[in-house]
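Common to both upcoming complexes is chain A, partnered first by chain B, then by chain C.
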Partner chain A sequence: MAASPFASRSPSVAVASPNTLRLRATAAQDSAGGVLASKSVSNTDQELTEQLNDDVRHKYIKDKKLGEGTYAVVFLGHLRDDPSSFVAIKKVKVNAEYKDGLTMDAIREVKYLQELSHPNIIALHDVFSSKDQNLSLVLEFLPRGDLEMLIKDGDIQYGVADVKAWMGMLARGVWFCHENFVLHRDIKPNNLLIASDGEVKLADFGLARSFADPYLNMTHQVITRWYRPPELLYGARQYSGAVDVWSMGMVFAELLLRVPFVAGNTDLDQLSKICEAFGTPTEENWPGVTQLPNYIPTDRTQLVPVQGRDFFLRQFPTAGPVGADLMMSMCALDPRKRHTALQVLRHNWWMIDPQPTRNEDLPRKSGAKKMGEDMGRRGGEIDDGPFKNAARQLDFGAKK
Partner chain B sequence: MAANYWASTQRRHWLFSRERLADIREKLREQDKVSHSQFPLPDQRLLNIYCNQQLIKLGKRMSTRQQAIATAQVYLKRFYTKNEIRQTNPYLVLTTAFYLACKMEECPQHIRFVVGEARGLWPEFITPDVAKLGECEFALISEMSSQLIVHHPYRTLTELQDELPLSSDEVALAWSVINDHYLTDLPLLHPPHVIAIMAIIISVVFKPAHSSNFGGSAQSTLSGAMRDGSGMNMLAALSDKTGHGPPRIQKLVLWLAESEVDIKAVIECTQELLSLYEVWEQYSEKNCKELIGRMVKTKNLDK
Partner chain C sequence: MASKNGIDRRDEDEVCPVCKSSRYLNPNMRFLINPECYHKMCESCVDRIFSSGPSSCPVAGCRKTLRKARFRAQTFEDIGVEREVDIRRRVMHILNRREEEFDSKRAYDDFLEQREEMIANLVHRTDVAKTEAQLQKYASVNIQSIRANQAIEEQEASSFAARMTQEQEEARLRRQAAREQLENERREMQAGREDMISRLAAGSSADAAAIAREGHKVLLKKSSARRSEEDRIRQKQAALRGSETKRGGSSLTTADTAGPSDGGLIKGLRRIKTPEPEKPYDPFMGYVPEKRDYYALQPSYPSTYLDRVKNDTRTAAGGYDLQEYYSRTLVEAFAGLGCFIGEEVAQREAATSGLGLKPAATTSAAMAAGDES
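What follows is the complex of A and B.
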């Protein structure tokens, strides 16, 4: 990185190579520990701070409004010096009535996107503030819509090779988050935006958080219902990256079926649909499940046995036996038996034919919907469809 | 703790050399010589002790995590590398740092509650207007270039506890030493794992006489041990890898030598901490309170 502290925030932000990940902050014995070039660290000049903010703001020109949601307004913008370099400017709404401080959504988004840099995660180029105390996030512009649009568009034909390409990009993005101790907690097709070169990018970090320290509780009111794993529906307060892997499994299923695989009307309905589809959780197939806070015992006569490989093969014939096996590993009821993002990436499915479609050959939607509508939503909201999901609340009183 | 320290904004933008930090502060002083001569403030570390005590008071009734207090302290340090303290209302800044840190460490508190508590503690300095805190939050985020994740040494300590291994008394003492390092400039000068190693060495060398609690400071435990001098000799032995200390310490020295951690940096941190404990003896809460109060009132910084 160059000497200026703001160099990393220029639009041509360098992408960290995945192997730098092996170095962890916590690995005290790491050899990189000795080499801290303190000289290159900061050249900030205090009197320049305000100037810098203005400079950043003037670097961009705001164009038309792309969309608006409960949480933000999104504008198309471009670099002042280069009208062809587009960005999305997400202006966080502030409650005008009384200022309640910045929402957790905005804080989380800035917090994590500042640190995570990966080809499959939306890039945050800059952050600036304006006079009316609005925080604006300058994000990578992703003009080709999202995976949900592709799934829903009946005019678009796609095959398993395309699904493999999209899932591969999703899995790499999720793996990178987990490797950096971040849970995304809102993976779903309309948070997977598509860049002009076809690359899929994980967006909307409004619900993301760091892995909790051991024994600390987290909220279970996360992840849009259809993509929410059984442990969260049972009210688990301590969970892991496995929650994101379940969501990935649901996205995988939806890409293959072109409808949401388990779409409950309520949290309870979601649970019973999961049981019908994958089997009823019991102490035998999921030790400890009966101890979860919102566990509901099922009548013995209603028990559905845990589904085996042939079920997945029947449901998802296009995935082939190896693909069905991967799907099954992502949809294990017991989060401890579910594959990790790394195990998903190491699965044999990626190696066998068909090879994933190259980005430039991936099907694309013509007349793309705007990026703005996706990004203005608050996490967890579904904006259309017959089952209007109420946005879950992450209220400030909630514990951790 | 999230993301990768080596690629973090903390390492890239918020790690200073001692000279650079001195430079920055000198510049701040030059810009406002008048205030500096008019409003003398105690040693930075004494001021830090005072701020920390105020943060702890603020956090007490809100069941805050230690880590949020630590993050707030780092925010204060970062903020005051860009702003002269004499231009600010330190009570408002520390309340805001606390409020933001709580959100950041996933133990959010409602803004009204925080303002209410702060007013209860410092009624002369905090207005009931919640928007003030909102504004200040904004300034804080901007001044920190919205780089908000702070990597702390606590996790390294927890991870090394089994590897070394450390007794629970040693872990508790090391934990308190980490709490104390936020009273110095060390968080701006060294990466968290170096701090953690320093805390471990101190805790092993100056065996805890009695178990201390995790929330507190190690000052009372350590300043006594320092006075009798035996620990200092052992510290000296650390730089000599063939040291003849007791086996427990030899083992630690050996582990350190293999770990490739920057031993010089660790020793520097140790000295910084020990000198903190010396300065601590001059600490007077009343004095800090009066000086800050006079400054804020005279300059109308609370408006």
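What follows is the complex of A and C.
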């Protein structure tokens, strides 16, 4: 990694970069001959923030609604200058819970996405606030759905070469996050979006945070349950990138099996399923596990020994012996014994045959749009406009 | 035999210039020529003179040595045309580049012109030696692509012939089907009418109208059913034909052996792109892991502040690694060294000046750079 991981890219965050504004203000002041009194600076400052925000906002045109989540609405948009350059505009809802400010999710997403610029991480182009003080994130538009759709679609067939390509992209994205000391904390097929060129990109940084601070407790209530590692289920408050690697291992297993590998109904169920599948954590195979806050001792009679290579080879025959070895290293119970994202990328599996499929040859879902998936509506159809019953207008922007 | 030649049919008293025997005496007389000198003579003269091996042409003043094997019947009455066609065939056989092998239409046209010029040279006996030498050289250098293109031409010709016969066969079948249909229709109509008449004869006069209406309806129904059946068959055939032609078209590919060494005769040939050998997969896609320019990471740093973490098994059991803290601290301490914003901004502005989505940081970074300088 370069010595300056954060200097690679920094989109203008109009609402959240007072530094820039101050600079702009100073510049304006200088150009005016420095005659402005210090009292009027704050006034100018105010106007400049608004002006800067308007500049960013007017760069984009919002087209149509693509989908709606719990905390945001996603619109398709494009640059004012270039109608063919699509972006996704994520407008954060004003949440009843956070009356005096923004939701944590939005803050986290802006905070970490603006620092990370990598082909396998969704790009944040701009941030602006709208008239009603809502925050809008201008994100890369990823039209080809997500990995979950591909896994669930029985009509799509894919092989181990395709899995290798997808896992490679996922591992690179995760590695880049960790290299910049950011934990994603919500890796699941649903959050792995596919760009128009087939590249898989890590999205939804609503749970991301930076890590490695000593004495700073982190919450263990993160990561969707099926992808949550045992240390979080045991309530660990100090953890590392190993949590994301476990999720990666689960995604790997799901890609191969096409069903979630360990799918518990509750946190306890999840834990017992993990124990059944991979073995019961004990002081021998995971020193210190008994001291974790939510550790539940298991009966001596029900102990499952830690699974060896044979188990993984039997469970994932398509991955081959080397792939099974990689899977085993990603699913180690003890987070210290688990491979890091860097070690995962250095594994021999990437080098052996079959070679990963090239992006353009990867299987794709036809005509699906993840960002508008939950709308269940055909392109160009807008039914909540003011002219609801009028003849449908032709929308040339929808078909590229 | 003579009728096949067509040309010597008209004059009954044609005379062989060598043996002076006329068609009157020998009705089966056939004239042959040799492409060496194109002098005409009758078949029996060829047998007589050249059976015992190569000999010189018996025509006075022509001293060309001829072989029996190369004698053949004349196609065109005008011996000049015959000769030109022969030359043309030979040259086209060698210079058989195809349009898709050229960079542009212009290059292909230039090639066609060049070929015509060479043919004209040979026909009119100007620069014969030079042209022949060129042809020889080209043929020897490009033997492979010539062969490949010949194969393609043959394939095209044969597929064209196959298509023609197929179309003829289809037309024949169609005609036959139409004939049968007509016959069927006629027979049905007849049967229907007879049926109606017999029913009318059997039934009372009251329901005569009803029977007549019914009979008419049945006929209509039958004809509409037939029509839809016909449509279906026609569609099927059309689909079949479509797939046939597609298959025929896709099997043709051009010779890919042009390369730079075509003897320098033809210009504007498309460069053959040899596909680049695939590079081994790079799991990092160009990013360099663990690149540290300014420092080396130690396994441990003495600090009383961190001692408590170091010895806490619970923290360690959760997967927390102090190494990551060291690494992060050092990265953050050295971040920004060796970054020259001024340079980066200039680069970015040059790169994104025409592009759509430009990294929006330009303004702020430029401002920062201005502040720095």
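The definition used in the following text is that the second predicted complex is superposed on the first by the 317 of 400 C-alpha atoms of A that agree within 3 Å, B and C clash if a C-alpha of one lies under 4 Å from a C-alpha of the other, contacts with A are read in each partner's own complex, and residues count from 1 in each chain.
We adopt the following convention: contacts are C-beta pairs under 8 Å (C-beta built on N, C-alpha and C of every residue); 3 or more make two chains touch, one makes a residue touch a chain.
Keep in mind it's a predicted model, so treat the numbers as computed, not measured.
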{"item": "Touched partner set for A:Leu292, first chain B, second chain C, both or neither", "value": "second"}
{"item": "Touched partner set for A:Val110, first chain B, second chain C, both or neither", "value": "first"}
{"item": "Chain B versus chain C as contact partner of A:Arg185, first or second or both or neither", "value": "neither"}
{"item": "First (chain B), second (chain C), both or neither touched by A:Leu342", "value": "second"}
{"item": "Chain B versus chain C as contact partner of A:Leu102, first or second or both or neither", "value": "first"}
{"item": "Touched partner set for A:Pro356, first chain B, second chain C, both or neither", "value": "second"}
{"item": "First, second, both or neither for A:Asn53, with chain B first and chain C second", "value": "first"}
{"item": "Contacts of A:Arg237 with chain B and chain C, given as first, second, both or neither", "value": "second"}
{"item": "Partner chain in contact with A:Val87 - chain B first, chain C second, else both or neither", "value": "second"}
{"item": "Shared contact residues on chain A - chain B and chain C", "value": "1, 5-6, 9, 20, 23-24, 26-27, 179, 181, 211-213"}
{"item": "Touch list for chain C against partner chain A, complex", "value": "278, 280-281, 283-285, 287-294, 305-306, 308-309, 313-322, 324-325, 327-328, 331, 334-339, 356-357, 359-361, 363-365, 367-368, 370-371"}
{"item": "Chain B-facing residues of chain A, complex", "value": "1, 5-6, 8-9, 16, 20-21, 23-34, 36, 38-39, 41-42, 44-47, 49, 52-53, 98-102, 104, 107, 110-112, 114-117, 127, 129, 133, 135, 179-182, 209-213, 218, 396-397, 399-400"}
{"item": "Complex contacts: residues of chain B adjacent to chain A", "value": "1-9, 11-17, 20, 24, 27-28, 31, 67, 81-83, 99-100, 103-104, 106-111, 130-131, 133-135, 137-138, 141-143, 145-149, 151, 155-156, 158-160, 190-194, 196-197, 258-262"}
{"item": "Contact set on chain A toward chain C in their complex", "value": "1-7, 9-12, 17, 19-20, 23-24, 26-27, 56, 79, 81-82, 84-85, 87, 118-119, 125-126, 168, 171-172, 175-176, 179, 181, 211-215, 231, 236-243, 286-289, 291-292, 334-336, 338, 342, 345-347, 350-351, 355-356"}
